[in-house]
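Structure below; questions to follow.
By written order: A, B, C and D. Residues from 1 in each chain.
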């Protein structure tokens, strides 16, 4: 079991990387769950300076969104996180973001299909949550969780995305893969028909990807960039998978 | 009643944030009105360095565009501001901008429709001013004011936008929401049909938004970024609602 | 008559602003002509560091491209500049650039039409030079000059643009106006039909624009930004007319 | 014969320039071959900080991917490089990248056609490798090499690009030309039909280009920028051929 202080530090790093990439700033949040203690650590809500989050800024709350020790307050849409952490043994890390490109699949009527070798991890597809509201109640959180089922992510109509992973490194990697695919689809579409993979190819891709090996590399690469980021507004948005 | 020195400071901050976002630089201007004193405070005209505006740079003028004490000069298109401040009790803050994305709806023949949860505030729609000229006379200012009616904003053909709000925080928030929607529509359109909301959904969204709560959060977030902005050309343009 | 030292300084500033904007870096050049002395001042060729050009770096040459005093060498495509300076009394300043957006009208088969109030100055249209080669000989320079005629600019197929003006401030302003229109057309086109102006409207716009008044404002605005530019690669590209 | 220490320095510079341009960061690699010694120098694999690569970081390996002296490890997809170096006398420098725009031609179903004067060097076209997998075995490397044949480059489906050149300066130049053409095609396509060149024109262009003259200028220009790059994340991506 990882110590809470390690998890806090990893969570803060993950949030700063997403912020650097222009994917979590005003309204996004990320959480990590410790099943042994049933404690959720989550980034604070709108208004806080996400580029400078540190371990002590993480809010610890239970699965009903109540902060431990009455310190801090989880963000308004905490049920997104808590319902996923509670329902799935493999939902240790959850991100709710409104990223520049992924969010477009929550606006345009186009089904998401993997377009790069990386996105074989989304072979099961990405769910769509169609109700146009914030997830501010446990009931809505449960609905979203059911829509996601055993998939890795959902697009939320007119709103943003939610991504689920087994740890924070996998969460970072898979969220960036999805954003990269969204951007590439958008741009490739202006060139002509977008090439996708057959069912066999997607399945073969999924099997060929060793996410335990690649996710830590993605983590190291982006945390190196984040460590030297000057935190100038908009200065840090790197290409996703160059 | 807020003091004029507080309003000057808020107005300068608002202008610097818009400048940081690449939305007010060469030709834009922002104003705030004090009904009790019938004084308008407005940012100076073309040529001045909008990234470095401070409270003392704000021009104080009456509703006919005459500067008090003969100090400074309101920008050429002052009638946009004065006619709105004079005609609507809820037009305390007004921005006239030529933002990168909003302006495209003043060029392309496409009706603006809300595409994100945020833009429920534009449920009444956005007006279009079709005459291709600058608003340099009181008569043109009145025409624009009538075209806007009780709406929050207008697109001005081949030109830019005008946004009206009850205070500077609401002005910042609603202008960014409109710019965000314009950008997202533009990008989502390359993916396929852009999903919009039904009349019922838009109306429900409008009711669900507590702008008195969200606008100050937007203000805090962007003013934190602006406070550390290095004012390098083009360095500060952040994602709008990540 | 402006002194040559003033012209050198203005020309270097103009080149640095274009470089800051990502429009003149590797292969672009700008020139200014002194009819009284028949001397052309022109920026040096490919390879030099355009972001740091100073007055002493400007090459002085005659209308046949021969450097005075044998110092420096005009860029390979000097005939573009010399033939225009020689043929038109109003061609005092000339830019040959490969800007990110203007160049697209030299690639796509789409006629340029003014789309903003600013671009009334292009009421006569922009010429197209269709031969796919560099302008490396006096003959090609003359052909280009004839294609341009009395217009302000030409798109050069698969290549770039050439802009002509009565002084360097007008050159900066009109080149940025063209680039802004190219960008806005490109982006608006993804929203739907691009609105243009009727012949009467364009003509009225042209008459309404006092370029002697607006060009110096554009100059002041961008030279203020350039003066504080840190010259980081790609750091300085500002919005064109926000 | 160039000394290995010179080659190491050039290779590191080339990799840093590609990184600055957002084209080689997480997963790209570049190599150079010394036929006299049958030694390949190659940049290290995923995870390393490509913006700060120096000569000592280059891995020396033989044509079977075995590192000399057991120092370092070539990246996973080393067969791309080794099979090209072994098979073609003119394949001295090889880049495997996932650049933002070139990769789109590996996703969209659109044949690449030269659209700028620069891209006459791609008169023979660019190959497409259609199998959706990484090139992790010598067999796959050979297949890719055969698909490329005597061309300068290949798009690799859902993946990225490979470019071949006679030295590192030519490699930098031709990779940037391809990326520039990809970007320009993408953007011009939103304006309308993209203009291409006839077979005669392309052939004439190819003959007119003196790559031995232009490649070193591209190299000088971008290495000057790279030398003053502050290595902030995403800060250095310059326009390609302004």
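Here, a contact is a pair of C-beta atoms (placed from the backbone, for glycine too) under 8 Å apart; a residue touches a chain by one contact, two chains touch by 3 or more.
Just so it is clear, the structure is predicted and the values come from calculations on it, not from any experiment.
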Interface of copies subunit A and subunit D: same or different residues on the two sides (over or under half shared)? different
The chain whose C-alpha centroid lies farthest from that of subunit D is chain B
Rotating subunit B so its CA atoms sit on subunit C gives an angle in degrees, to the nearest 5, of 90
For the pair subunit C and subunit D, the C-alpha centroid-to-centroid distance in angstrom is 32
Each of the following residues of subunit B touches two or more other chains, namely 185, 187, 189-190, 232, 235, 237
Among line, ring, star, complete and other, the chain contact graph is ring
Interface with subunit B, subunit C side, in the complex: residues 20, 115-117, 184-185, 187-195, 197, 201, 204-205, 208, 214, 216-218, 220-221, 224-226, 228-230, 232, 235-239, 241-242
Listed in rising order, subunit C residues that touch subunit D in their complex are 19, 22-28, 46-47, 49, 97-101, 103-105, 107-110, 132-134, 157-159, 185-187, 189-190, 231-235, 237
